[in-house]
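For reference, the structure is listed below as structure tokens.
In this document, chain identifiers A, B, C, D, E and F correspond to the written order of the chains, with residue numbering beginning at 1 in each.
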């Protein structure tokens, strides 16, 4: 039996956000935050953003998260950037890849957006206890 | 002997842009276009953007190009998007990954930027003779 | 029997875009343009953008189009602006209301975005044969 | 006798911002905040933004505020968004229409800007004591 | 007798745009282009943008134009950028200062916006017959 | 002996940021803040942004800072704006010229970005003890 769009979306959100750390937000917290104000938001985020868009074939989870982070750095929406740096770590991007993605954008979006994004990266790495030695260079 | 930043940059530009198709632009065409107006541009693009930034360890060429395309879709600078969809194909992103990256950004940057980007993708695929059957879904 | 999201979306798209003038584009033209490149786009535009978002209660068609045009003027995505100035006329916004919306944004987004938007308005009004006398001021 | 541009602007600002709640900011607070730094700002906001632009015929107060909110959501300037969600309530937009306008922009500006805007909406509704039951759906 | 805001604005527009070359657009062409569609635009551009804002003390014409060009490069509104590169030349910015301003923004807005702006600079310099030898470096 | 790019960059950073006030941040604080996370940032900021871009001939320090501030106001990146309003004061822009630059952008970027920038200006002026009487108008 095929999964519903909602179930498909919930499964993907779990895959991207489930950690032992209760303090790390997930997309379900956002849904809860606006449950009364915008009850339809749950369907749009779970069914459309995750059930439809994140369920598309063609990209790996790593690639999806690099694309997401790059778009969020470029417009500078920091709360969402924080969430997706977290999802990046959860689905297995290395700290090196996250910092590398942000730094790579310097020629495209300029230093100011990149510096503000690095501040968010630093906050999330501290919160997740990502050690700096994890940043040692790996072969390309 | 260590390569100069300039030589390092030129080598990477070649890696990202060298094809048999003479009509496809490269970053060196941009440098030529503004040789008289802004002669220093050559150094900034070759030495800084490619010699420094593209030479950083931590990301693969595929990841770098996904990050680049995502940033360019988000601000909507189409001439550069065209160039980097081309570099994406040249360094081996599949057509599927390029379309997938653009489509993935719908929840983050909205439909208008994505539709304008898809028009550029379509143009480049036609120019590069990328067949639609290349777009058949592959396992994720 | 409840309509499917797809049928709901198609009905709303017709409501916003059906005119006697065959030359005026609709969202279905966009879907067709990218049918091979991004076949899922049809579902995202018809089911999500129209079946879900445009189907929400709480705003009239006029209010929805004013919100849409205002967002598109602000980011400057002109092909979509052209389409939605057309939908504005089709669902019954007066020429006065369309020009009024664009002009109202001067203090918020500055003159450059507004001037570029007015050029699009002028093009659409010519194409739709909207007479300038239609612009006579009405009581507020 | 015709009103001066200044008087015209002040009258419109009052219409958009006069409430019994002393804690809600108005455009005159902004003028005061920068009185010494930029004394001309008063004339530009009162005479130009309100005396000229808000005084144009062609849009109702409701339509003007929908256009304003949509533009501010799209660029993400939150202090001004807070002010104009307040003006929206003051001139009689229903809570439903305000939330509806913000939600409608998901396909155009993406989820991140909309989520950040909803947070501002929630703050203003709490401050103004707008009850959630006010959000019950009304006929379109 | 004090000049009216309109006369003040017209005088400044002339100062910024009057050349022997009939083909170079001025702000009055924009006013004419939208005379029927948005008759009030004339007052907003002449009286507010030039009569009020350009008439402020505190900046020289050179400084005003550097600020204007920098803002337009950053958002990428090219028709207005073309006009203000022209006004820059007319009020006496050297070609060197115009190119220098655009190039200076690379770290702040990234290469894509700067490259698109340089294309506009090149077009205007050709149209105004600005010789490349004019670009020889002067003492800082 | 020619200075290295690094030494050239450090010298310019000092010129733009050296004051007696220890509490005012400089670009070297940013470099330190991200020393472990992104050790290459030092080279990119010192060697590229300052050693290359700020070292270009063709603009005075005043002109460079006006261009920088104008770009930062336009995208709304406030931490960097704060830093560059400080550098503006340090290299000798008058308070009048700084406020004048920000106010001049109203027609180009709209009131919201300008108001948010003025708040940053006010904060920096208070921190640097810039007296309002310094704002008295000087001859243009």
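The rule we apply is simple: a contact is a pair of C-beta atoms (placed from the backbone, for glycine too) under 8 Å apart; a residue touches a chain by one contact, two chains touch by 3 or more.
Note that the coordinates shown come from a computational prediction; the quantities given were computed from them, not determined experimentally.
Peer 1: How many links in the shortest chain of touching chains run from chain A to chain D?
Peer 2: 1
Peer 1: Give me the set of chains touching chain D intersected with the set touching chain E.
Peer 2: Per touch definition, common to chain D and chain E: A, B, C, F.
Peer 1: Using C-alpha centres only, name the chain that sits farthest from chain D.
Peer 2: With centres defined by C-alpha atoms, farthest from chain D sits B.
Peer 1: With contacts defined as at the top, give the pair, C-D or B-F, that has more of them.
Peer 2: C-D
Peer 1: Starting from the mean Cα coordinates of chain A and chain C, work out the distance between those two points in Å.
Peer 2: 32
Peer 1: Can you give the whole-Å distance between the Cα centres of chain C and chain F?
Peer 2: 41
Peer 1: Please set out, as single numbers or ranges, the residues of chain C touching at least two other chains.
Peer 2: Those would be 40, 44, 48-49, 53, 56, 72, 75-76, 80, 99, 103, 106-109, 111-112.
Peer 1: Thinking of each chain as a vertex joined to the chains it touches, would you call that graph a line, ring, star, complete, or other?
Peer 2: Basically all the chains touch each other, so complete.
Peer 1: Applying the document's contact rule, which stretches of chain E touch chain D when the two form their complex?
Peer 2: 40, 43-44, 48, 52-53, 56
Peer 1: Note which residues of chain D are touching chain C in the complex, please.
Peer 2: Listed in rising order, the residues are 48-49, 53-54, 56-60, 62-64, 66-75, 80, 94, 96-97, 99-101, 103-109, 137-140.
Peer 1: Can you list the residues on chain B that touch chain E in the complex?
Peer 2: Its residues touching chain E are 30, 33-34, 36-38, 40-41, 44-45, 49, 72, 75-77, 79-80.
Peer 1: In the complex, go through chain E and note every residue touching chain B.
Peer 2: Against chain B, chain E makes touches at 76, 99, 102-103, 106, 111-113, 115-116, 118-119, 121-122, 125, 132, 135.
Peer 1: Over in the complex, which chain B residues touch chain D? Could you list them?
Peer 2: My answer: residues 106-112.
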